[in-house]
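In what follows, structures are represented as structure tokens.
Note that chain A is present in both complexes that follow, paired respectively with chain B and with chain C.
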Partner chain A sequence: MSTVSSQSKKLRRYSLMERRNFPWIYAFLFPTLLLFAVFYVEPILQTFLTSFAKFNGYTTAEWSFDIHNLGGTIFRNYTKLFSMSSFPPALRNLFWWSLIAMTLHVGIGTAVGFLLYQKLRGWKFVRIIFMVPNVISGAAWAMIYRFMFNDDIGVINNLLRKVNPDLHIQWFYSSPAAFWAITFTWVFYAVIVALVVLGDLMAIPASLHEACEIDGANGFQKLIHIDLPLCRNAIGTSILLSVTSRIAMYENIALTSRGGPGNDTYGLALILTKSITDFNYGLANATAMLMFVFGIATMQIINKVFRMDDSVY
Partner chain B sequence: MKKFLKSVSLFLILALLLSCVSFASADGVIEVTLPTYKTGENVGAIFFEPLVERFNAAYEGKYHITLEELTQDMYSDKIKQLGAANALPFLVEGGDSEWIKQVVIPNDMFVDLSGLIADNNLMDILIDSQVAYNTTEDGKVFSICVPVTRPMGLYYNGAMIDLGDKTCADLSWDEFAALLGENKIAFMTGENAWTTQLVLGSLIAVEEGGAELLSTHTIDKLMDYNQPCIINAVAKLQKLMQDYGTSNQVGAVYADAANAFMSKNAAVIANGSWMVGDFLEDGGKWSNGFDGATVRGDVLPGNVALANNDGYQYWIPASVSAEQQEVGKAFILFTLQPENLEAYMLAEGGVAPKLTPSEEYVAAASENKLLYEYVNAVNADTIIVPNAGDIMTSSIGNTEFGNLLPLLISGQLTPEAFCQQLTALAQETALD
Partner chain C sequence: MENITNPALRKKLEKAGRSRLVGKKKPLTAGRILYLFCAYVFLAFIVLVSAYPIIWVIMSSFKSNAAILGNPFSLPDTFNLDAYLSVLNQYSFGTYALNSLITAGGSTVVSIIFYAMAAYVIAKYNFPLKNFIYIILTLTLLVPGHTKTQPIFQMIMNMGLYDTRTGLWLVYLSGGIAMSLFVLKANFASIPMDLNEAASIDGSGFFRTFWQINLPLARNGLATAGILMFLGNWNEYYYAALLTSSEANRTLPVSLSYFNQAFSYDYTRMFAALTIVVLPGIIIYAFFQEQVTASVASSGVKG
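Up next is the complex of A and B:
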């Protein structure tokens, strides 16, 4: 059947009316293509090309190539990136933050989504309350958390000192506390996950639940065998969004620990901005390409694992 | 409805276009926006905001400057971003010296100010060495600095510390620390760890070869911190921070350090003369019985004062319009007027070597006893060298130094390891 279908596609001839519309179709497509080329393709291409160059961001980029010294010429920025002392901690942090995002962060959001779906008394109010932190920028949250985690005046340590009066934790400035303090600045704010999951739950046909009930399924069985599988795409999308946010995470670190103590809480985005600060744009763009590759890889893996291209129904 | 939407769209497009450019208004006033950190609570605002107001009043109907507020530690980065986007303002105050040296000057991204100097006989007031520093190999002048030198020292609370008949010029850091007793020093590790950088600078300056090292690396930044004078200074800094640092020093930003001093949680803070304004009256910053009248100004122990006259200040980007350049030049000339230089010295301290002070200035200066004391603490034997931050690359000075300090304080890093890490970090992101 598929062979016949592809042959019929090949043989398809456009009518005169359709052919007359071609110029208009291309004319209307042109602005979109232009915007795509200027704002997507060109920056990515430029980032890719200059990631192999010696480039300070202002003067002309310089490429050099020596087959006997690839690491010192064309791959100079990548060699430098991989040998930076902040690179291993940045990768390690990305791994753990991604894992926490996939499990705890998405888990909390999904649980809230399911709770909201039950439409218990006051669910709309809870939805709004859960939404509030999301309308506050990451930068503002980071500042709030700096005060919350302050050793002298912070609410966290003052509460903990009720139990242990001698306790002093410099949350953002000692390890491993800094890693967890940064994690707390985002892990509980999962309203996007909750709303995406809630959207999929709302779309489940009532007839499916009715059929389950007729078959004698209890609430838990409905959750496991109907609701969760039908939210597969929503959960996959949420994991994708959460992990890519970790790859690009900047404000939460830069405005709190700034990658410290030492380089214990470094992230790739921080390496990128640090390179720009030292106007080594070649190195910054190599970091950006690595982030880009991680993002694409995450998307492919999540698509595969959650079979995002397949219909859930 | 369609007509309404069309009108709104046209209005928004027009507003967007107008917001992107400075423009001459219908009455011929050239209006420009100046991004600056010297606003609001910043100590530099005490002089700078009134200066801009006076400029706007003096040139009413001709020029008008509107200030755009930035935080101090973001200023250099913001200027670099604007530079990369070819959207620099009409006037820039300094910026990242490495960026200026390697990008702005080689690419002629500035207006040559040599003509402005010659046409207005500015050499009669400008400091020769500063002009020489700002003159390129082909004779262009990149920027004009306010001709006031301001060696930096420290302030201590005279109600908490008694130095007897001695001054900091007579004491080493060890001797000074011994007099502190239970009192603390307002260190910081956040932002660029400014107050800590000053103390480190004074500690390096008294080490053998330290003063020379500080003086020779303001242009070509230091890439190797594994040097005995720095390691020794870091070891002393570690002990000072461990023994005399305030409880909030880890993570403290400038506001925290200043607050510690003005709430009597610290008895000492290293800072420049511009902080004097904070001690003249209680602008809501004093607490816990702090009284600005008890504050004393002095050089840093070891008879060290920190000043880097080799720097960049007001420059005009070549990318701005002729009208904007006109405003920039007018503002620079206005700043250099004797009455404005005197206002600057009264507000922030310092000395203008070529300026003959007016009687009003002398009378006003003698009224501000603290500023007088602070400025005159420098004597013929004082070691005047650039600050430690002046020899660091941008990322080291702004971030990495402060990031490593908590590890130094906790003892997780030895002074040697601290310097090794600084060296590695300085070399990591540097352009080959």
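Up next is the complex of A and C:
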């Protein structure tokens, strides 16, 4: 009884007119919620549950539990994942790539965003061109970089040979060159960061800059004390998006070094796809869960550090 | 002068003759020149790394293999289309492009209508669980797409849709939920609610008010979200590579990984093939540049 009355109290918050629309409203939400359930909720639940199961492509998932042998039963896939020879390099690469993404990648994007905001001559041209690498397929971009770094025909080595004629770096096939070659395929292309930062800059009220000028602040002081703090949200969002892209990075590796030489440039997404083609579904889903946890953790940290929930103004 | 919006303040500053503050152009001091120099060097670098790789590929596709090996920087001395003709003959690019168009375009058209319906009611009406629904739907932006790989692979297998365009189309339907909702919700929210009330007084039902009044007014948002979603699906490689195997169902991005082996040392044809794959995306962008920029700026998602 009490639930009925509390429910009707809740519904009373909505006028009769509003309530009359409810069937339509939920009908309008239905297709989207169905897609959400089928392509997000169910897969993520299945990934979570079967990451603890013995699960391959031939039999159904099988759970077992032994308190004295957790690593061999319920955590079997995680044990397997952590003991793979490609796992330590994948984790190490993720760490360094995330760090480079947070600093250099977001830094470059933010700098471009600030320069675009000043509307220097030709700023629209820069904005248009900067977007181009993002509108073509990531697979194609990875292939282009493969050839750019080719020892015979690639422009990079041929340019370096103008300085040192004996230079022959096999960029994607030797360490640590492969790590850096893969880094170059994405590190400069920060147009999303630039546009998100530009959006926040444009939202700064003109009165703030006027007040600043009356107080006699110079351009640098304005940048440090007004513009950068007010772009806090944009920079936080950019870091979040660029780190989650590093967690999921696939084409940049799969179409260039394929994780080599050895396992030096391995990534989690590569372990995941390899496990699936090997029909090692449990292992694949343990890897996926790890990626998911890294994504959520990044979001929590960024939210805390950049106080994303607090209003900026 | 445009920077100062407060008229009283502007007058005061003008009186004080502080042209440095109110003037639009800053005076060219030595420091300013140095600053501008560094800024332009940096921007030139950005333009170079963004455009040169593609220009290099296109230029090389007109050169002979010997010319590519001899000097990778040289301009093509002839406008030689042989590589294109031979690549187009050898591979069914028409099929790949059609597959890309069907899966990416087909899923965009259907899902944009679904997301528009959801964004419309979230923007315009009050109902229980509204905020909760909006938040969980937009949180999908943060789920790494690969997390769901195995369940989706299995689902497509179980439905008997492995290596079909239908299977890929189905997977692409769910892409871009969060981005579309951001863009479309803002768009519908900017359409005055009075219109709905007027329509309702005139006897227009819920669906007609949406379809004939709100949807046409939201066409900018629809175009913005639709183009970004289309580009994202058009360029998608991961699921396309995983869920198709035969040549008949191959999409353009996936075709790239096959050229790799096919043309190992025939660079001219490799570059011609790359150009054919890359060009459609650039052409679409050239036509819808404003929408692509606007959608990325408002949602922070790449195509």
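Following the convention adopted for this analysis, the second predicted complex is superposed on the first by the 274 of 313 C-alpha atoms of A that agree within 3 Å, B and C clash if a C-alpha of one lies under 4 Å from a C-alpha of the other, contacts with A are read in each partner's own complex, and residues count from 1 in each chain.
Please note the rule applied: a residue touches a chain if its C-beta (ideal position, glycine included) is under 8 Å from a C-beta of that chain, and two chains touch if they have at least 3 such contacts.
Computed from a predicted model, the values in this text were never measured in an experiment.
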item	value
Superposition on chain A - do chain B and chain C clash or fit	clash
Which superposed partner A:90 touches (first chain B, second chain C, both, neither)	neither
First, second, both or neither for A:235, with chain B first and chain C second	neither
First, second, both or neither for A:33, with chain B first and chain C second	second
Touching partner for A:53 - first (chain B), second (chain C), both, neither	neither
Touch count on chain A, higher of chain B and chain C	C
Touching partner for A:286 - first (chain B), second (chain C), both, neither	neither
Which superposed partner A:152 touches (first chain B, second chain C, both, neither)	both
First, second, both or neither for A:135, with chain B first and chain C second	second
First (chain B), second (chain C), both or neither touched by A:182	neither
Doubly contacted chain A residues - partners chain C and chain B	152, 276
Contacting residues of chain C [partner chain A, same complex]	3-6, 9, 21, 36, 39-40, 42-43, 46-47, 49-54, 56-57, 60, 68-69, 71-73, 111, 114-115, 117-118, 120-122, 125-128, 133, 136-137, 140, 142-155, 171, 173-174, 177, 206-207, 210, 231, 234-238, 242, 252-254, 256-257, 260, 267, 270-271, 274, 277-278, 281-282, 284-285, 289, 292-293, 296-298, 300-303
Interfacial residue positions of chain A with respect to chain C in the complex	10-11, 14, 18, 21-22, 24-26, 28-29, 31-33, 35-36, 38-40, 42-44, 46-47, 50, 108, 111-112, 115, 118, 120, 122, 125-141, 143-145, 147-148, 152-155, 158, 188-189, 191-192, 195-196, 198-199, 206-207, 209-210, 213-214, 237-238, 240-241, 244, 247-248, 250-251, 255, 269, 272-273, 276, 281, 284-285, 288-289, 291-292, 295-296, 299
In the complex, chain B residues that touch chain A	77, 80, 83-84, 96, 98-99, 102-103, 106-107, 109, 189, 247-248, 250-251, 393-395, 398-399, 402-404, 406-407, 410, 412-413, 421, 424-425, 428-432
Complex contacts: residues of chain A adjacent to chain B	54, 56-59, 76, 80, 84-86, 146, 150-152, 170, 172-174, 257-263, 274-280, 282-283
